[in-house]
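Each chain gets a letter, A, B and C, in the order it is written, and its residues are counted from 1.
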Amino acid sequence: MPGFLQRFMPRDGDFFVLFRKQAENIVSGANAFTSMLEHYTGVPEQVQRVKAIEHQGDEITHQIFRKLNQTFITPFDREDMHELCGTMDDVIDLIDAAASRFVLYRVDRVRSGTIDLTKVLAAATAELSCAVHAMESPDKALQHVIEINRLENESDRICRTLIAQLFEEEKDPVQIIKWKEIFEVIETAVDKCEDVSNVIESVILKNA
Amino acid sequence: MPGFLQRFMPRDGDFFVLFRKQAENIVSGANAFTSMLEHYTGVPEQVQRVKAIEHQGDEITHQIFRKLNQTFITPFDREDMHELCGTMDDVIDLIDAAASRFVLYRVDRVRSGTIDLTKVLAAATAELSCAVHAMESPDKALQHVIEINRLENESDRICRTLIAQLFEEEKDPVQIIKWKEIFEVIETAVDKCEDVSNVIESVILKNA
Amino acid sequence: MPGFLQRFMPRDGDFFVLFRKQAENIVSGANAFTSMLEHYTGVPEQVQRVKAIEHQGDEITHQIFRKLNQTFITPFDREDMHELCGTMDDVIDLIDAAASRFVLYRVDRVRSGTIDLTKVLAAATAELSCAVHAMESPDKALQHVIEINRLENESDRICRTLIAQLFEEEKDPVQIIKWKEIFEVIETAVDKCEDVSNVIESVILKNA
């Protein structure tokens, strides 16, 4: 099946360029976030770096929407492109939301296990970028889609374990409120990676 | 109006078979959950039973999506079928999410009132199954849609009362965090039954 | 570009009348809610007033859905009209959800800063109403869309500040749970105003 979307490339190359740019921006965001938790100093500046990446994401999202609204023939279903763009925007928004909570909640040290969850998020964004880059080679793209689903299950399992541990180990309810939300926001970011992969899978199957 | 969808049956019978199977699976999940709260022993095993039902639901969801992506003419709007399938999947996911929290949060006894809420959920899933089975007889299906709306209002009322009681009676903030979330997840499962019924109503009105 | 939708008016005027009615109803809800916080006595009665406005919103939503399902040619994309109607319904639902929590959680005094957030919500609904009324004059409507985006950023900023203050000033975890949720529900109502404005922007760009 490789190449099934190539026939649209001369006309609609820009859409793919923008989607790839957006995917790479998401990977940068996830890496900047992981790196912040691994080197937990100068946190407000590191959160600002994630926020700057999120702003760039907004810019790309608007470019895609504008182009989408002004283009008559799109490389695949307009509605699916809209959904792809919207779900990719959700991923970077949630990475920013997770990072910013470390400043907002004045978190002074990172709980053990948090980085395990964040690494799964970073891995899911890397697979997401591979899937977006491989959209013209469906068989390859579907491998990445399957891997994202596996990572989502893993993040779900880790998140549940972290929350169970939190309720057992932490006695301060205020800390429970803060950390439960942090874990859930990170896990939701991985969920959104799966939403992106679902759109990609659906586009590929429709065009197969 | 009865029979308005029958003309599609020879060709698309399988879709209806799959939607009915999904609806019956949701009813099983809601009943297994209610039964767990009524006989609150061997909880981890009972939660595993709900989880197994949720896995079966995932299987059916994927069957429908695959079939949908490979079928040119669908019995009703492709987009509505997608929505119907997705919202039904949300219902069983949330039933599983509610059940699993009893293990995750090490809940040792069921708060009074919880079963009242769960029974409304079970009733809503039973109506949902009736509505799905009656999709070829719009007048009958619409009766079940109305009943689901009524049950959603009831679950909303019960959930609010339970949360108000929780804040008044429970002094331990950790217990408040856990139970507030349990009540909200159950109520959200009923909300999702209403989302399913909204799709059914819309399909019926469009085809009337 | 003014007047681009006028050609549909003789045929589909009712849709615009209903959308305008819905927008005005949302403004009433936001104003009743702000007024309740400014004059914090007879709270249950004031919450009932907001709830009554929400019920009227439900009525208008159902009228639009019914009309939509029975109309063959719509003034703009059926799907966008559905989305517009659904997101407007979400705004008034969330205003009601915010108001009702003051009774549910037996809030005896309004925390400082809450009204600042509510005023941004009221301003966003006023802009939303202007945008809906100006849908036939795209250039004017887009000005209101931009203003709604600005107000959403402002509400996000205020909400984060209020939650950070809450964690610093309030020592009672139960109060933190209640107020964090109140702030988040109000902020989500403003988010939903932005969702409405996104639909309006998309409709305008498509028809430009």
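Operating definition for what follows: a contact is a pair of C-beta atoms (placed from the backbone, for glycine too) under 8 Å apart; a residue touches a chain by one contact, two chains touch by 3 or more.
Since we're looking at a predicted model, the values are computed, not measured.
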Fitting chain B to chain C on CA atoms, where both chains share a sequence, rotation angle to nearest 5 degrees: 120
Same or different contact residues where chain B meets its copy chain A, judged by the half mark: different
Euclidean distance of C-alpha centroids - chain A vs chain B, Å: 28
Contacts with two or more other chains, residues of chain A listed in rising order: 79, 173, 177
Residues of chain B defined as touching chain A within the complex: 65-66, 69-70, 79, 100, 104-106, 173-174, 177-178
Chain A residues within the chain B interface of the complex: 79, 160, 163-164, 167-168, 173, 176-177, 180, 202, 205-206, 208
